[in-house]
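Taking it in order: structure first as structure tokens, then the write-up.
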Amino acid sequence: METGKVMTMREAVASFVPDGSSVAMGCCLEPLVPFAAGHELIRQRRTALNLIGPISDSLFDQLIGAGCVARVTAAWVGNVSEGLGHNYRRAAESGQPNPLEIRDHSNFSIALALWAAAWGAPYLPTRTLLGSDILLSNPDLVAGDGLVRVGALKPDVTILHVQRADAAGRAHAWGPLGVAEEAALAAGRVILSCEELVDQEVILSDPNRVLVAETKVVAVVPEPGGGHPAPVQGYWRRDHAFMRDYATRSRTREGFLEWLQEWVLATPDRAAYLGRLDDTERLRIRQHRLSAPVDYGDE
Amino acid sequence: METGKVMTMREAVASFVPDGSSVAMGCCLEPLVPFAAGHELIRQRRTALNLIGPISDSLFDQLIGAGCVARVTAAWVGNVSEGLGHNYRRAAESGQPNPLEIRDHSNFSIALALWAAAWGAPYLPTRTLLGSDILLSNPDLVAGDGLVRVGALKPDVTILHVQRADAAGRAHAWGPLGVAEEAALAAGRVILSCEELVDQEVILSDPNRVLVAETKVVAVVPEPGGGHPAPVQGYWRRDHAFMRDYATRSRTREGFLEWLQEWVLATPDRAAYLGRLDDTERLRIRQHRLSAPVDYGDE
Amino acid sequence: MSDRYTPQELMVAAAAREIADGDLVFVGMRLPILAYAVARSTHAPRARALYELGLLRDWPAEAFLGTMGDPPNVAGALWSTRLSNVMGLLAQGLADLGFLGGAEVDRFGNLNTSYIGDFRQPQVKLPGSGGGADIAILSRRWVTLLSHERRRLVDRVSYVTSPGYGDGSQGWRRRQGLPGGGPAAIVTTLAILRFPPGGGEAHLDSVHPGHSVEEVRAETGWDLQVTPGAGETPAPTREELEQIRKFDPEGFWTRPA
Amino acid sequence: MSDRYTPQELMVAAAAREIADGDLVFVGMRLPILAYAVARSTHAPRARALYELGLLRDWPAEAFLGTMGDPPNVAGALWSTRLSNVMGLLAQGLADLGFLGGAEVDRFGNLNTSYIGDFRQPQVKLPGSGGGADIAILSRRWVTLLSHERRRLVDRVSYVTSPGYGDGSQGWRRRQGLPGGGPAAIVTTLAILRFPPGGGEAHLDSVHPGHSVEEVRAETGWDLQVTPGAGETPAPTREELEQIRKFDPEGFWTRPA
């Protein structure tokens, strides 16, 4: 069995996400947000990242506040249950801590941009965004002939948190998939973090559920709870209180920096982070709703 | 439980596939070809159909020979294990039994044409087909600026054979999916035939496996063996000998008409067809390879 | 159960009445999810809900949802898929109704959820479109919900994230190539504003109980015209309130802002 | 096991040698599937196979396959997905090698699998491209397998389904915008023809055992040039033949035509 792809988040980020990378995250919108990966990017002081994603809940806001980001290419940046992203505001309104370039998208147009790259096309045409000022604030969108040409977005790296994967980089993810599939197909490389590292027999029992060709995957990080405070179907509820606390504390730059110190910089890894949460058990999903099997029988 | 969509193949074809329809079939390429539906189209003497599909194994050849078809929009028409489609040849070379308009595609371009329709786009751009004479023989393909614009293909009806479905029109299909998903999403309406009609609990236990929004589906036809002689993962092997017999007998127009009388016109429905096969048991898949469950638990 | 209701509960009830039975509804977050839940539980039992992240549902989840991706919204879904598949149905013109919110709406129904001030040097950076622009451009009709404040109902928004009727001229959407029909109504904490068939400028259609035309006009950033025969918005029924409180028992979404 | 082999078995062995270890191979049907099976079982254990209908595999299925969609080719797949996902990898330039067959190939490597004669009034209608045009245009390199007959190796094909080097002029593919590198070789029942780096006209590179340069030239529809130092194609090794016969025990694909 191949195991060369299995590594820690520290190793994965150090090996595959250099400064200046374009990084797609938050691809499933609210669930399965790879917060553990984002925090490791912060700890390793990545700079000049181009973040790509439809809606990342509060993850992009954190990376922006931590000074890792030069450009955001996204449909929405904030805090889904709480509203505004305060670091996003500070960066856009007053360049704090860095000036931020914003390339606005809608959810549909960013999906099309990723599909364009996944299919080796320079752009995909659509009627969405006609009449919207988003056409003014993103040079990747070109209107003409009653259509908008959405330029291809090819992330250097797509980082996904999934429910389970095997050592060869085959992922099973379920629940709403957002733009995860096209973001993985479009990327130069894919980093997976997973709730469970499972035997390949589990994954290969259901090849239709494999999210992307393993040939794209360079790292598999076993990282239970790596999506907290985002929900993970079958594993974790969303931690609304944690999101609210983040929203409150990040209203000021000082408050954010304290939050960052506490939850990211002074916390060496995800296990330590989970240990800081006073009660993870209240978040754990305990009642199973198992899918009916399908039969891949061939003889 | 809704049951209004459950009907016989005779009812489904009579209700939803008028003469002149554009009909996508054979969307999974070699597996899950809806032969039972195709035979019912022949029995109901449909005319002037526009068949859409990448590779339909020998189904399109049969419909062409039966005189149902005015146009074929496809990447490949023949008999996958045997080679040429003799009815296709006769129609294209000498207009027998009808003149046939051919709109050539490649497998990739027909997929893009269906995705264009599924996304409400007039076309999708690609570099495939550059340098190919396919650009000369299909007006739906327009080259310029180093790209090919593949015009949207919106089938009036997409007909899929799947492993299982429920009465509300939710389908579970597995194995390679070809262009089935985009053909279903693009279509005005979808007709499903299925090996098994199952309780909605089975289907809804795994909503990620549902192929297309039920709102597209107008008919669910319980039709075990409806794919024969094509393979159905978990249910049926491919009947190579039957394909060979068809290839041999269809070499002449007379031979084809005898074959058609025997297997389609004088055979009232799929149950009678299966009864004519001297040994269906040799084709049945008996060893199970069940997928590992996933957990949709939410509390 | 108390018959007293918050402005948000009235908005949910009014929004629910915009949903016809059998509609395919593009559901956003917050109040629209509650509106769908109320409609589905009352007069629209055959409605279906699309969620942009990749879900189709019939019955709304009964558990509290902080986001549309919370596990109870996935369990029991009719289809769990990719965002592009759901948006594709919208782009095909198959979504009967969408709901949108926003920081600012203008007299022609244009919504701003992106930038207050010049987008090159914004006074306030808002989260952005999400799926809002897609719904505004592609759905057959849509309804805006927002708090009725003079700073929110403005003459012209500083940035059009989600286009309504543009500059308000006849046929603007058609000329720009927007496939969907445009906004039908603006449901606020004080009133319901509606657009004439074919689009144009929002008019006051009904005032919520306890409020006046003058109050509404004073809180509106343009010279709001009143539809002849405009009356009072019906209060939420007891059944509607029951359903709202079933789906939002702690008033997380419907407590006054 | 007999050491005697059919021309098709030699073709499979020669095709297998075109696969490097670690290659992502776009596998068609018939002989290429066998070539991949042989390569994977011998010198290329880390190769991966893409099948256009939506499959990725490592080990080839051992059961007889009539089509790439037969159940044994799906069971044990590493990924079972949509055609467009697999084609997308090809379009990204990630397929190292593809295999194609055809009714006709010409001196510049163009393949015809569509129409013999004028396509508006064809003498013979062939099945069409399938994924052939996609592989020819988009893969990094590709190899043609076909029976060596004068009517099949023609000066110019009547219809270019799958473009090789077009009119043979320097830079034709680049000027037309074709992303992939083009054909590397033509493996026939008599010989192996190769194209110079950068493309152009196929030259005779090696003749199969038991055949002569003159015979090959006589069965070729253009004035076939011989590469300096052209020799004899190595016969299939015993190991190669063992693998071929393991995957095609009844000679369904490798019996002489």
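The first chain written gets the first letter, and so on, giving A, B, C and D; residue counts start at 1 in each chain.
Everything that follows uses one rule, which is that a contact is a pair of C-beta atoms (placed from the backbone, for glycine too) under 8 Å apart; a residue touches a chain by one contact, two chains touch by 3 or more.
Keep in mind it's a predicted model, so treat the numbers as computed, not measured.
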item	value
Chains touching both chain B and chain D, listed by label	A
From chain B, the most remote chain by mean C-alpha position	C
Whole-Å gap between the CA centroids of chain B and chain C	41
Separation of mean Cα positions, chain D and chain C [Å, integer]	57
Length of the line joining the C-alpha centres of chain A and chain B, rounded to whole Å	37
Residues of chain D touching at least two other chains	55, 70-71, 74-75, 77, 80-81, 84, 87, 90-91, 138, 179
Interface hub residues of chain B, defined as touching at least two other chains	112, 115, 119-121, 126-127, 147, 174-175, 177, 181, 208, 233-234, 237, 285, 289, 296-299
Chain-chain contacts as defined at top	A-B, A-C, A-D, B-C, B-D
Sites on chain A touched by chain D in the complex	117-121, 168, 170, 181, 185, 204, 207-208, 210, 212-215, 296-299
Touching residues (chain side chain A, partner chain C) in the complex	28-31, 54-55, 57, 74-78, 80-81, 83-85, 88-89, 91-93, 102, 104-109, 111-112, 115, 126-134, 136-137, 146-147, 174-182, 230-231, 233-234, 237-238, 240, 243, 285, 289
Touching residues (chain side chain B, partner chain A) in the complex	112, 115, 119-127, 147, 163, 172, 174-175, 177, 201-202, 205-206, 208-209, 233-235, 237, 285-299
Parts of chain D lying in touch with chain B, wherever the complex brings them together	29, 51-55, 66-71, 74-75, 77, 80-84, 87, 90-91, 114-115, 119, 122-134, 136-138, 159-163, 166, 172-173, 176-179
Residues of chain D touching chain A in the complex	24, 48, 55-56, 63, 70-72, 74-81, 84-85, 87-94, 138, 179
